[in-house]
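By written order: A, B and C. Residues from 1 in each chain.
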Amino acid sequence: MNNKITQNLYLLPYALWIVLFVIAPLLLVLYYSFFDIEGHFSLMNYMNFFTPVYMKMAFSSFWYAFLITFISLIFAYPTAYLLTKTRHKQLWLLLIIVPSWINLLLKAYAFLGIFGTKGIANSFLEAIGVGSKQILFTDFSFIFVSVYIFIPFMILPIFNSLNEMNPSLLDAANDLGASKWTTFRRVIFPLTINGVKSGCQVVFIPALSLFMLTRLIAGNRVITLGTAIEQHFLVTRDWGMGSTIAVFLIIIMFLIMSVTGNRKRGV
Amino acid sequence: MSKLVRFFFAIILVSAVLFYTVHELNNSEGYSGRNTLTIYNWGDYIDPQLIKRFEKETGVKVIYETFDSNEAMLTKIEQGGTTYDIAIPSEYMIDKMRKERLLIPLDHSKLPNLHYIDKRFMDLPFDEDNKYSVPYFWGTVGIVYNSKMLGGKKITSWNDLWDSDLRNKILLIDGAREVMGMGLNSLGYSLNDTNHNHLHQAKRKLDLLTPNIKAIVGDESRLLLENEEASIGLVWSGVASEIMSENKNLEYAVPKEGSNLWFDNMVIPKTAKNIKAAHKFINFMLDPKIAAKNAEYVNYSTPNKHALSYMPKGTVNDERFYPSPELTRKLEVYENLGKKNLAYYNELFLEFKMHRK
Amino acid sequence: MDNKINPMSRIFLALIFLILYAPIFFLVFYSFNSGGTMYGFKSFTLDWYKELFQDSRLLIIVMNTLVIALLSSLFATIIGVFGALGIHSMKKRQTKNTLLSLNNVLIVSPDVIIGASFLILFTMAGIKLGMFSVLLSHIAFSIPIVVLMVLPKLSEMSPTLIDAARDLGASRWNVLAKVVLPYITPGIFAGFFMALTYSLDDFAVTFFVTGNGFTTLSVEIYSLARRGISLNVNALSTLLFLFTLVLVVVYYFISQRNKPNGWGVNK
């Protein structure tokens, strides 16, 4: 009996955290979502959410989060793979993370300069003969910068699972005459699926509620649920409606987790 | 395992050294003493030299904290847990705060310098008799445009912006009151209008502006306009005067249909602990010489009538930034419309932003 | 080992690093601009650096930021690792998924909501706003990312490894210290560094829960935006960036010397 308690004692801080910093705020948000702007109990906010404006917004949040995750994955996987092949792989990996320690707003301002009409990106386009284009405030710049922000979060877990792979497995596959593509599809990818999954989760979930970049880089051409929440909390101070949208975001996240959750233990 | 332990130990060691240094620095700067004054202001909205001078003259140590929006500041003051002695909100927020009993009435007998403020900026509807607030800076909302990029074109009214020549040239501010106000003003309505019919008309008119809008941005608009990323922008006069001093092609116009007149005032929030020092500070900032120095640093328009004589003639006589009472008469100050109307403004603004997609 | 990589891949990696560092080089470049803005380089100057070192308020803010980032990441990593161990040991798939979803709530919630609800909780609990409340919040929002970085490593670990150790008579603690922890070390480091990223980048949560003179760099930079960010912030970022770079490289080579295998797992 005593043994069991000490066995689970190490879980105490984590359990405390769940109760104090997850469940308590969750209840708070749920509670606020039932109050309209004048502080009366109502279901108005939920009815409001199912109007075309918010549905359209939810859809566009999904679409952009999907694009960001997908493109991050396309670039992160080969990067992680190649990194595992370098001599000082841990050092290179750290160097992937270092840029993310510089303040986000400053980096966004730097991108305003780089993508500007007289910026480096346009000088490059002119040099190769494409000619100057408007890059700022387009879907392209928004997705580019978002991928830029999120890609270290994708590379890291993939790198860690690739790094653990037993090289003898690859040799075996080679010996059995598998082509490079088959080896990748049948051996490498399935073995790293856990890393890919956790990478997608840490990119997709926060990408759903992006807000600052939608204004800075996309000039509000992209409107996501995060933008709406920010406006409700900080401008209208309509915490009820803001909380309602947050409740939906959390429900969506629960759905995603149960879909991508592990069917079996391990691989 | 030992690697982890070593790593974590190193982290703790580094943190301890840093923490100790901060502690020592704070002590040597006097921040841990009793006689402190906490000022809650927008970032870089005061000449830091003046804070030093105030500290020297009074022996009060100033702690300077910053916020980036009126609403965020309100949330902090409402919740408490902090001791802000001075805050500098905008006018509609002052109205809201006094109604929510978040402000401490000022003791005018402790503010002998108050008479230096121009009478036209005193006793305004958002704070009658200046019971709670004292003007800090003021200005207008208008249009900055790059006459060179527009080929010498002049812009004098809101309706000029709907010109089909201006495709993809305009930067709007990401604020419901500013953008909806522009729509309302262009139709000849008040920017405090709450008639749903009028608001819908304004929103429909704004939808038509969509092809001309390059982006709806925040504070970064100053950077984009100054560097000719866009040729037209909806801005506050303070921003305009700053970027115009950097780029000579820029012009500022307050549209003839009318626009917004704004104030940032000093208040003492209910979280204040050192009310005596707070009054001292307000009175200090009201001194004409100090106000003039501050206005030259911040570049916004000072409401201090006597300060003007200490400032360059070119600045003070510039009608664009120091408009005469005749010009400001047709401008309107934002009224606190109440939560419900504000929410309606925001809903329409959100729909307008979605329309652009 | 480098010669395992063909030239095409080398170019790909170089390009990824170039893009990741482009905005930082941009910021560094303009920190030497006498023109005062991040557009149009006028002439070389070190004035911004001089100004920086006279600004003791800014230096205090920087050190506060670092203390918070390091300590919060450390605590978050410790709690998160135990949390991950707990989640991993859950037998029922459903409990596991529920716990994991709860874990992710803070990742999906927009910062303004987390900040506002933490603020309400802290004031309700009577905690004085300041360094302590900021530290607590940073620990709280960094825990989930640590869990997500550690979990894939745990599920990759074969259960037979633990069984084998058990059969050899190792105690629970010994299994943890000698088998499990070394195996998941890369995940722990990944979690720590990601937590550091979260902490250094956070603006909204810190804004709400700070007070009484305690400010971090992000809050300061964001509130500067209304009046335009001065180039001494660029100068500051440059110094911090160089300092981090040196630290990372030195740390890497020291750990290399101590253990020929790097600080990856010891196979």
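Observations
Here, contacts are C-beta pairs under 8 Å (C-beta built on N, C-alpha and C of every residue); 3 or more make two chains touch, one makes a residue touch a chain.
Molecules present, by chain and UniProt name: A, C = ABC transporter permease; B = ABC transporter substrate-binding protein.
Not measured: the values here are computed from a predicted model.
Taken chain by chain, the contacts link every pair, so each chain touches all the others. By number of C-beta pairs in contact, A-C leads when A-C and B-C are compared. Rounded to a whole number, the gap between the C-alpha centres of chain B and chain C (ABC transporter permease) is 33 angstrom.
Averaged C-alpha coordinates give centres for chain A (ABC transporter permease) and chain C (ABC transporter permease) that are 15 Å from one another. Under the contact definition stated at the top, the residues of chain C (ABC transporter permease) that touch 2 or more other chains are 38-39, 78, 116, 120, 222, 225, 263. For chain B, residues touching at least two other chains, in rising order: 72, 75, 218, 220, 223, 227. Across the assembly, chain A (ABC transporter permease) contributes residues 109, 116, 118, 234 that each touch 2 or more other chains. Contact residues of chain B toward chain C (ABC transporter permease) in the complex are 1, 3-4, 7-8, 11-12, 14-15, 18-19, 21-22, 25-26, 29, 31, 36, 38, 42-45, 63-68, 72, 75-76, 79-83, 218-220, 222-223, 226-227, 242, 246, 298. Remark: chain B residues 69, 71-72, 74-75, 168, 171, 174-176, 214-218, 220, 223-224, 227-229, 339-340, 342-343, 346-347, 350-351, 353-354, 356-357 touch chain A (ABC transporter permease) in the complex.
In the complex of the two chains, the chain A (ABC transporter permease) residues touching chain C (ABC transporter permease) come out as 7-8, 10-11, 13-15, 17-18, 20-26, 28-29, 75, 78-79, 82-83, 85-91, 94-107, 109-111, 113-114, 116, 118, 120, 148, 151-153, 156-157, 160-161, 163-164, 194-195, 197-198, 201-202, 205-206, 208-209, 211, 226, 229-230, 233-234, 239, 242-243, 246, 249-250, 252-254, 257-258, 261-263, 265-267.
Interface of chain C (ABC transporter permease) with chain A (ABC transporter permease) (complex): residues 1-2, 4-5, 9, 12-13, 16-17, 19-24, 26-27, 30, 38-39, 78-80, 82-83, 85-86, 93, 96-97, 99-110, 112-114, 116-118, 120-121, 139-141, 143, 145, 148-149, 151-153, 155-156, 158-159, 172, 186-187, 190, 193-194, 196-197, 200-201, 203, 217-218, 221-222, 225, 229, 233-234, 237, 240-241, 244-245, 248-249, 252, 262-265. Chain C (ABC transporter permease) makes touch with chain B in their complex at residues 36-40, 56-57, 59-60, 63-64, 66-67, 70-71, 73-74, 77-78, 116, 119-120, 122-123, 127-129, 133, 177-178, 181-182, 185, 188-189, 207-208, 211-213, 215, 219-220, 222-228, 230, 255, 259, 263.
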